[in-house]
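Pasting the structures here.
Consider the two complexes below, in which chain A is the common component and chain B and chain C are the respective partners.
== the complex of A and B ==
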């Protein structure tokens, strides 16, 4: 009988107890991994932001538009490689609750600004040359079961055409996606010209500018030049990196990081107490056995290691099962088009898994340390006296 | 029977100190479950109370049909005048209908917590605007002067965002605005807004005479139906008419559902984890006392009394945990201020509210955990064989 067998047999000597402990550990890591997956997806905009990409918005707020001329003026700023512009369309399909994230953009510069986007069906040319083209992200296409060649109307809850209607007709002529699953493809793009020419109000305005700098090291200088150019004008600007812009947007929802930390903290504190106290008790019950092992020549450090391995094994089995269950649940959820449309790229991911394994080791060590210490220090004479 | 149960319960409870660690673990884990559930419920209830709890039933809100939010809507001056001619609108002191045409734009504020920019609503209101919000009072400074680039700021904004303190000067476009007052509407959604006079704002945003939304004080809640019928039959009007209460409730719905959808599954998952822990505690409680229970059974105590004794111990631990969690949640979360993005795409400042209904729901959850955790161990206690007397 080697050490590993002893650890395994000891762990499961009271089957029910071991299963209950494993179960409570499983739940804590399940909560940890599911929340981690949601957090990762929410922050995808920050994680996948390109280092050389800046966003210029109206200084009053990003919902306030800027004159069309700003687009051309920014293109001439030193250090700017490419500028594109985009506008919020506020689209919905048939019913207001079928929200479709849609942007009116300048197609060619927009695709240059986001080189990570690739056309999986149709082509860039089709998008660039067809004024009524709607280029649809793969996640969105899946959600509404849209295919290339279909004609769909989209309504806007903001804009109106000169004839008083608020629906625009589109040809779906291209579908785009990104290789990295974390890059969202749950929105649609169409021609700014098609949008602008029919607007009843707010014509010749742009929502925001997307800038690629020649090098990320020039970001600060470029931002300052752009904002200085429009200082003291009716529409002052604020230029930030794409990452900072995304982060500020997520912060608007509230301190999600803090909420997740508190909930997982509560879950971990719970198992720490449950597993910790149970391990102390389980080892106490075995004091006589440990004394026997010592009597027949087991060295104290080996006993210490055995008890510690037991708690580590417990924590790793429970934790890995929990993360595995979370990964399966999240995978099932991400198969639903409604979820992949609103939370594209939802998955547990390696980062969360590795942090989880770190927590498992920490939990195993913390809960095992005191009982292992007690076992190592157990005095043979006293232990035999114990009934 | 009762005496037997009482005796066993007393014995069980007196022996808790022998299993102090495990019993505490059970209590604390249940307290955490209750705490997490109450925190989410307090968030949902606080937000809901702020956004939907305060809209008036006798104020009609009009938006362009299909626009869903004030930000997206727009109305021309002609439409405003047409609505004012509609039925059921209360008349003011001078005989004119009490209405307020309003502009709703978004400006940046800095969130105190994170220092990042957040969307704050800047509302341009007419002279009747303030009185149409029940409980409107100026708490500091004064009202804006008509025609001046002056702002008054809701209490909630001051609490959660920086940049709009009294006396502060703010540049929006080419104009410099001054904050001249702080107002309160008693914790409603309007406390998260910044107000100015509509004319000045129309000018700044070059909106001409157009507005975004319109509120009308109705003679009674039922009068809204008359106005709806009037708008429906008037071909020159393409508006959605609803009571302010309905409008705000529709704005709150999504966020509240989302918070509750997150809170309940989390609490239930944690409850299952805590159940495993409490179960463990109760089994060891029974195991540790096998000999005592067998002795009691041998001298004539019934199995049912042994069952109840263990059950009551389990429930006592759960209730203790529940109370601990509820008290902690109340002390930690009740009344804390937070803000999130609301239906109008702007920040809504709200206070967490731990409500009696959520306290009851949380205690029921704790009792269910206690009951389930006690049931099988209690069965084992009831079935302890008499021969276990000889166990060592």
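== the complex of A and C ==
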């Protein structure tokens, strides 16, 4: 027997109570980890944004396009190394519920803008040279079981062709992916020219510009130059870093960070009260035993550590089980092609786990502090009720 | 002349309850030699348990000195007292006060967790202590699986396992039937005679007191030495 045995035996002396407490803690950390996993995935664009990448959008809103000429003009701005442009196609495959995130881009400059993307099937040349080529992200290909050489039609719920239809035919000629799992590969790319020349309306417009600067230290200056260039024009621009653009894009869904903070905060506050009160009661029930230990010669600081260790152990076991369960659930979800297609790289991840462990330690310390203090200060003679 | 185990000099204990001051005893002086077996008797509220608490360093006197083997313990810090208790005193309570989640052997091992002994040596000592009180065969049982007498034997084993100089017993047979009480008292007597442990036992029971070498009656804050038992 050692000190750890005492802690363990005391913690599980009332099994039902311990299990219920563990379950409440488990639920709180399950909520935390699941929400954390979604938050991480939704913000993957922010995390993986390159430091030297800027995005220029129409100042009104990024859904409002800009003249095609802006692309060439921005290329001449001092400090700009590469400029590409992209356009939101929307798109679905066969029926509207099969959403396919598709962008019409200039292939060569786009691939230069995103050097982290690499072709795992087909080749860059195939994509550059075939006007009807659809380059598909690996996650999207997995979702629809698409392979190079297949011909697929995609419908747009925004755009229309001159013949009145809204479906475009594509040849899958390349599949791309990134080494970093956090870099999304759940979308498809195709030639802007093929898109633009077939449009019934809004031709010669671009959705947004992607700019690589010569050095991240030049970002501010380049942003200011670009926006100044188009100031007082019918389509003023707003240039931000890619990270800020991604964050703004995600915030359209709502303030995810705030939602997660509020939900997990409410869960933790509840757990704090439940576990804290129960720990105080549990230690009060053991006042006599603690007095016996002190009588035997256990010093007060050791009693303090023992009680605090109990609440820490409780919090760690419940919390780790919660995060473990969340990781299993998220893994199961990520096995579904629909989920992996729309939320690539969905996982709890180490960052969420380590933050969770930090919360477990904080929860254990906060809930254990008062009972540990009471136990440490307990007067032996009073505890025996024989004053 | 050998040093006494305990020397109590002008010991007073007063409590304040609200505006009322209660004097338990005033200027009490006594000596307990090493190897003594004293039964302290007296009516309820006479301060028997308070005296035991002072001897065990779990309560402090209002004035006066408690000296153990030449060293004052009444002015020690709580931390120093805890160390002193672990090394010198074994406690035996009326209601055994065993840890319900631990087995008999683990209960006995508890004081040894405060020592630097290794696991193997601790086990050996626990075995010896349980053997001495005649309960080694119940080492793996929890307190709820033991009778009152067996639990008190485990408590005695716990009290002696760290080899203290003195055993402080608060009504050790108060919760036991006569036959079991006699067995427990015989064990205490054995520990006193064979192992030389000094024993201070608070009791209401005159039959229990007869196992001691001497009886002290505490009444109205004063000692009356009644008789010597040989």
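Convention: the second predicted complex is superposed on the first by the 385 of 387 C-alpha atoms of A that agree within 3 Å, B and C clash if a C-alpha of one lies under 4 Å from a C-alpha of the other, contacts with A are read in each partner's own complex, and residues count from 1 in each chain.
The definition used in the following text is that a contact is a pair of C-beta atoms (placed from the backbone, for glycine too) under 8 Å apart; a residue touches a chain by one contact, two chains touch by 3 or more.
Predicted model only: the values in this text are computed from it and were never measured.
**Student:** Between chain B (first) and chain C (second), which does A:16 come into contact with in this model arrangement: first, second, both, or neither?
**Tutor:** First partner only, chain B.
**Student:** So, A:300: does it touch chain B (first), chain C (second), both, or neither?
**Tutor:** Only chain C is touched by A:300; chain B is not.
**Student:** In the superposed model, does chain B or chain C contact more residues of chain A?
**Tutor:** Result: the larger residue contact count on chain A belongs to B.
**Student:** Between chain B (first) and chain C (second), which does A:76 come into contact with in this model arrangement: first, second, both, or neither?
**Tutor:** A:76 sits against neither chain B nor chain C.
**Student:** Applying the touch criterion given at the start, work out whether A:288 contacts chain B, chain C, both or neither, answering first, second, both or neither.
**Tutor:** Touch status of A:288: second partner only.
**Student:** Contact-wise, after the overlay, does A:335 reach chain B, chain C, both or neither (first, second, both, neither)?
**Tutor:** After superposition on chain A, A:335 lies in contact with neither partner.
**Student:** Check whether A:2 is in contact with chain B, with chain C, with both or with neither, and answer first, second, both or neither.
**Tutor:** second
**Student:** For chain A, which residues lie in the overlap of the chain B contacts and the chain C contacts?
**Tutor:** Dual-contact residues (chain A): 387.
**Student:** Could you pull out which chain A residues touch chain C in their complex?
**Tutor:** Residues 1-3, 5-6, 9-10, 13, 288-289, 292-301, 380-381, 384, 386-387 of chain A touch chain C in their complex.
**Student:** Taking the touch rule as given, give the residues of chain B at its contact with chain A in the complex, in rising order.
**Tutor:** Chain B reaches chain A through residues 19, 21-22, 24-26, 28-29, 32-33, 35-36, 39, 66-69, 71-72, 74, 105-108, 111, 113-114, 116-119, 171-174, 205, 238, 266, 269-270, 272-274, 276-277, 279-280, 283-284, 338-341, 345, 347, 392.
**Student:** In the complex of these two chains, what residues of chain A are touching chain B?
**Tutor:** 16-17, 20-21, 23-24, 26-28, 30-31, 59-61, 63-64, 90, 96, 155, 157-158, 164, 166, 201, 232-236, 247-248, 251-255, 262-263, 266-267, 269-271, 273-274, 276-278, 280-281, 387
**Student:** Give the list of chain C residues in touch with chain A in this complex.
**Tutor:** The touching residues are 15, 49-50, 53, 56, 58-59, 78-79, 82-87, 89, 91, 93, 97, 99-102, 106, 109-111, 113-114, 119, 158.
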